[in-house]
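Next up, some structures in structure tokens.
The following pair of complexes shares a single chain, subunit A, combined with subunit B in the former and subunit C in the latter.
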Partner chain A sequence: MTTVPLTRRARPLVAARRGMLSGPGWLPWVLLLPALLFALMFKFIPMVEGLRMSLFKVQPFLGDQWVGLENYRTVLTDSRFRSALGHTLLLGIGQTVGALVLGFLLALLLEGQTRSLWVLRTAIFLPVVTAVAVIGEVWRILYFPTETGFVNSIAGWFGLGPFGFLNDPDQALVSVMVVGVWTAAPYNMVIILAGLAGIDRTLYEAAAVDGVSRWQRIRYIVLPGLRPAISVLLTLAAIRSLRIFTEVFVLTGGGPAGSTEVWMTRVFSLGFQRNDLGVASAASTLLLLVTVVLTLGMRLLTRQKESGS
Partner chain B sequence: MSMSSQFDTALGWSPRLGVGKVLRILLCAVVLFVFAAPFLTIFAGAFNKTTDSTQVTLYPQDPTLLGFQIAGEKGIWGYFLNSLVIVGGGLLLQLTVSVLAAYALARRKFRGHTVVMLLFLLTMMLPEEVIAVPLSQVLAELPFLGISLKGSVFGVILPVALWGFTILIMTEFMKEIPREIEEAARLDGVGELRMLWVIVLPLSKPVLGVATIFGFMMIWDQYLLPLIAADDPSDYTLTVALSVLRSDGTVGPGVLLAGALIALVPSLVVYLLMQRSLIRGITAGATKG
Partner chain C sequence: MRISPRRAAAALSAMALVGSLSACGGDDSAGDAGAPLEFWTRSGPEGATTYKAILAAFTAKTGIQVNYQGVLEFDTQLQTKASSKKLPDLWVNDASLLGTYQGQGYTTPVEPGQIEGGDAIDAATWQQNKGLDGQLYGVPYSRQAFGTLVRVDWRKKLGLPQPKTWDDLTALATAFATKDPDGNGKKDTYGMVVPGSSKNGYIGWWGISYIWQAGGDILAPAGEGKYKSVINSPQTRTGLEFIRRQFCTPGNVVPGSLNLTTSEAPFFQEGKAGIYLTGPYAFGTYDKILGKDKYEVVPMPKGPVSTTTLGDGENIYFGAGSQKSDEAKKLAAFLISPEGQEIGMKAEESKYPTVRLPVNRGVDVHKVLGDPRWDLIQKQYLDDTKTFVWSIKFQPIRQALGEGVNAMMSSCDSDLDAGLKKLDQAITAELKAQDVLG
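What follows is the complex of A and B.
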């Protein structure tokens, strides 16, 4: 796209060209009404209600009691929330990096135009479209912790195991992580493949003339070319991993011995099983704050990059 | 078509048979196994005559429909129906709400445009997980109306009606429809709602495809929301109900896998029918940033 500076007189003309037609003034609001109502009812009112509850000791039938920031203090000093935070970060970093590296390797392996490669890519993309709960239930079975379990019998071919996987407090978190990487890698592969397709082929030829090795080609042409795609992937995955719930809840429920408890499974057990709504709301509010800050930060960063380039 | 060469791929895979090609085929086989095997075990386990967790296989041995029969006795078709009603109703509502909003945002000028856009962006930062606790309170007693949605399919259908992502991609797409088409229609006396229905919507078919598949996946994947919107386990969607089958001591994993297979089939159908839209949507989203 060319960026010819616009004169003052030309600007309104361009704005009109964008396809903004004016009709009756009330029309947009009628069209937006359903969306705004749903947003109010199921997003903004819950958000405000969550903020309110986080400041109260919520007691059904007895009336709520103002406690100020007490709930937040409880969350921040609670050892189970602290270890949940640690697990959330470990899981988030491990899954994000793992899925990115595996997705990159898959893209390098499966790049190409032949029909067989296309079929292969279609097949390995299946985990992405499968409901997380289904994946969780199946991996629970695959991870069966005796030597006749599916993954263990494969490990047995290589003289490894048997592993306890989800039953072993030392292995459970890594086992959950592997499932997350397995699910997300094909998604990353598709995006990285699109990035690879955008790299100028003549660069490869020119590099070959200069006697550049394959490794150097990856290092100096491919990776820089993929940077925009990778940075978007990284930030989105980081934000999403903060609220990881279904995988963990289905695979381990936070166990064994709390070794896979993440922020949201802790919120769930507090809010829905122990009915401690005030503390659960405070924990959710903290999660919301971090999510908003990270998302806005990302938007700001990408916008700066766009205007800078 | 041009000859394929080592410059077609980043790694420079050679099309000719040699060590490189053999290595690539071997690696592809490993990758296919790693990603396909779990799905084969779902299929095999669902049809196996006896399945315990230590006997997962890649193909059914001594195939039988017993697993499905027992799953049926455990109410699997009721859960499936819940899921279908929720995904059908939720998707229809989500598409309707989004088309109306996107039409206003993309084709009409009005004061407050930026604010509305920001509000929808903000909803994307408020996924179910982040507001789960207060949302369950809201579902138990709707503000202003005082109705409870708990135990009804509307407890899931209404909250998924608004998805900022769908509104944003539709708005982006509808902006690109040439103004001249709309002007010509206006000269012909086409009214506002007919303009949306007869002119803009047919031209928006590609984005409707993308929105349908992403919306389906988003709703079918819901777990926390059906869980908190349910009054008792009979209200669960199929994906949530799998945990009921799992913890039922009287049935084996074969029955669970039969349920998993039933939960998998709709995603599979949608994926195979619309994979081009899906891939296009994913890559467009990523490269645009």
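What follows is the complex of A and C.
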């Protein structure tokens, strides 16, 4: 890491901050200690243990057997993992794009200071604070695959359906995706709303004087202004979509016919139903590596764009 | 980088604190000679209530304290305990997990003579618990046969007889779905409840009776403790065709069943479906919610070959590494004693029996329960049941079976022959991985 010399303007600021937090140098460490301990116990030690297990045939009472990279080979050559990866990527891309577009539209609709908007925003935000398991149960009822099901009865008004939704291997993945978009869009909406508030209003006024259309205003003012917010959302969505589990597990358990099996449901099935913790750990480690690479890549890409712009 | 003394002190104190946390982490009593006996069962709140009644009688009699836990996500939790090498002193779970536990070294072998009252259990029942190495693992605790439950009020209202064959069963399911048996004027009733998810191999568990009734099977012995897959047979295909006929006749199976596990399929007690092939442990709950007079248990309808149904059970397993094996054996002796078995069968408070059919020869089902439904289940168990292969790690095989059958039922046009071939390959690969392929 290269150190950047402090500018003249920054030096007094840093000194002022140091003054505000004056105290013994170990104080920040003591304050951080509880969080560090929890991270160590529940994140880093299990992570290292997972790495170790991925190199062994795990059998605690008979002694673990060293198998080297065999577990990784098993994962990479397993066709079920390959199809799970395909489903994970499809779900990830679909949910990310869907939730971003829907969140953006919701934010545009609900931007403003009016009191009633706050009520509406809170109502729309509810899926984010609801437990995913509960969301899954509710959507399973909504998706009931006969004409008496809630969504099917609405589709019936338009002469459509009844659809199989989660019961049909051709529709199950899209049905899960819709639930994901519904759950994530309100969160995106809040971030985008914050981004919208940061855009200089005088730009809108100037644009109005120039007589630009609504679309041109979105294209040339709103979207460039939202770039930092969108970059954060994309990074978070990429990580979240790779480790997607609860929605799928509650809604379909990976079925029917494995049509919604994702990377983590396969890991769960191998680890806890087939008792193959070594291979499950190898698959988890690969997921960690991909996540790190993807996150760093995304940061690099957005940093380049930001510095280039 | 130079580490300042202050930083080093902070890091050391952090590590010391972590060390102390690790040392006192958890409230595990297993393996600790001074702590109460740790006993787990795979149970929800109702089953746990029944176990607590048995344990209260045990502690009153022996003075031995038991730290009991009814665990729902049992296998996950047991693995966590195994990873830290602190298994419970003993636990009760499915008999079909015997090979899995033995193969992973979770359980210790046992001889009938080591358990007081062990001679009250049939030699044949003991022999069911033989592992691949020829030793016995686990004490038999309970046995059962799956039974067909039918909404008797619906059946009588529609003027239909008890189903005696597969065709009768199909016709009854169709009638329940189409002839408004609850008389509410709405098309909101269905034929069969099917836990059809591939999760944990549920659909394999439910459907295996029909495969056996058609003369099909999953595995066959190949000598010297080895097995081969026999799933890809015309007989299994016949069984799967029957199952698919139910899935593909609208309403014969509750819609959405391909994603349901037993805990997510309350349609029988809710009055939405009229037929359920399930274990007799459900009687108490259904008596409470639905009413004893609303449903009947019928003899298994006959398939092309037989009326065979899934026989299953629960065993008491002794945890490896336990320092309280004497006390664990005393608890096992009480669990299989006439007193322990009767409390488990009657389930007076929860109505959820943890002992289904007693393993103790001295306990008479009819005398204890006086219920013709239980007499029928016992007759079915003695006359015509088959079990999974318990000595090998059967859980992965059941998982493969569940995934294969789930896939074949997901489309009415799926290629059953190709599906069976794929399933055969998956089971063969699993047998090979376990080194039991003959």
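In this section, the second predicted complex is superposed on the first by the 257 of 309 C-alpha atoms of A that agree within 3 Å, B and C clash if a C-alpha of one lies under 4 Å from a C-alpha of the other, contacts with A are read in each partner's own complex, and residues count from 1 in each chain.
Rule of thumb we're sticking to: a residue touches a chain if its C-beta (ideal position, glycine included) is under 8 Å from a C-beta of that chain, and two chains touch if they have at least 3 such contacts.
All of these numbers come straight from a predicted model, not from anything done at the bench.
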Superposition on subunit A - do subunit B and subunit C clash or fit: clash
In the overlay, answer first, second, both or neither for which of subunit B and subunit C A:Gly156 touches. neither
When the two structures are overlaid on chain A, which partner does A:Thr148 contact: first (subunit B), second (subunit C), both, or neither? both
Quick one: is A:Val222 in contact with subunit B, with subunit C, with both, or with neither? Answer first, second, both or neither. first
Considering only the touch criterion stated at the top, classify A:Leu166 as touching first (subunit B), second (subunit C), both, or neither. second
Now for A:Arg274: first (subunit B), second (subunit C), both, or neither, which partner does it touch? second
Per residue count on subunit A, the busier partner among subunit B and subunit C is B
Kindly classify A:Trp29 by the partners it touches after superposition: subunit B alone (first), subunit C alone (second), both, or neither? both
Kindly classify A:Arg140 by the partners it touches after superposition: subunit B alone (first), subunit C alone (second), both, or neither? both
One more residue to check, A:Gly98. First (subunit B), second (subunit C), both or neither? neither
Of the stretches 8-16, 80-88 or 188-196, which one of subunit C hits subunit B? 80-88
On subunit A, positions contacted by subunit B and by subunit C: 25, 29, 36, 41, 140, 144, 146, 148-149, 271-272, 277
Enumerate the contact residues on subunit A facing subunit C in the complex. 25-26, 29-30, 33, 36-37, 40-41, 59-62, 140, 143-146, 148-149, 166-169, 251-259, 269, 271-275, 277
Complex interface listing, subunit B residues touching subunit A: 4, 6-13, 24, 27-28, 31-32, 34-36, 38-39, 41-42, 45, 53-56, 96-98, 100-101, 103-110, 116, 119-120, 122-127, 129-138, 142-143, 158-159, 161-162, 167, 175-179, 182-183, 186, 192, 217, 220-221, 223-224, 228, 239-240, 242-243, 246, 253, 256-257, 260, 263-264, 267-268, 270-271, 275, 278-279, 282-283, 286-287, 289
Note which residues of subunit A are touching subunit B in the complex, please. 16-25, 27-29, 31-32, 34-36, 38-39, 41-47, 49-50, 53, 106, 108-113, 120, 122-127, 129-135, 137-142, 144, 146, 148-150, 182, 186-187, 190-191, 193-196, 198-199, 201, 204-205, 208, 214, 217-218, 221-222, 228-229, 232-233, 243, 245-246, 249-250, 264, 267-268, 271-272, 277, 280-281, 284, 287-288, 291-292, 295, 302, 306
Could you please specify the touching residues of subunit C with respect to subunit A in the complex? 6-7, 9-10, 13-14, 17-18, 21-22, 75-76, 79, 82-83, 85, 87, 100, 104-106, 187-188, 197-201, 255-259, 261, 264, 320-321, 393, 395-396, 399, 403, 406-407, 409-411
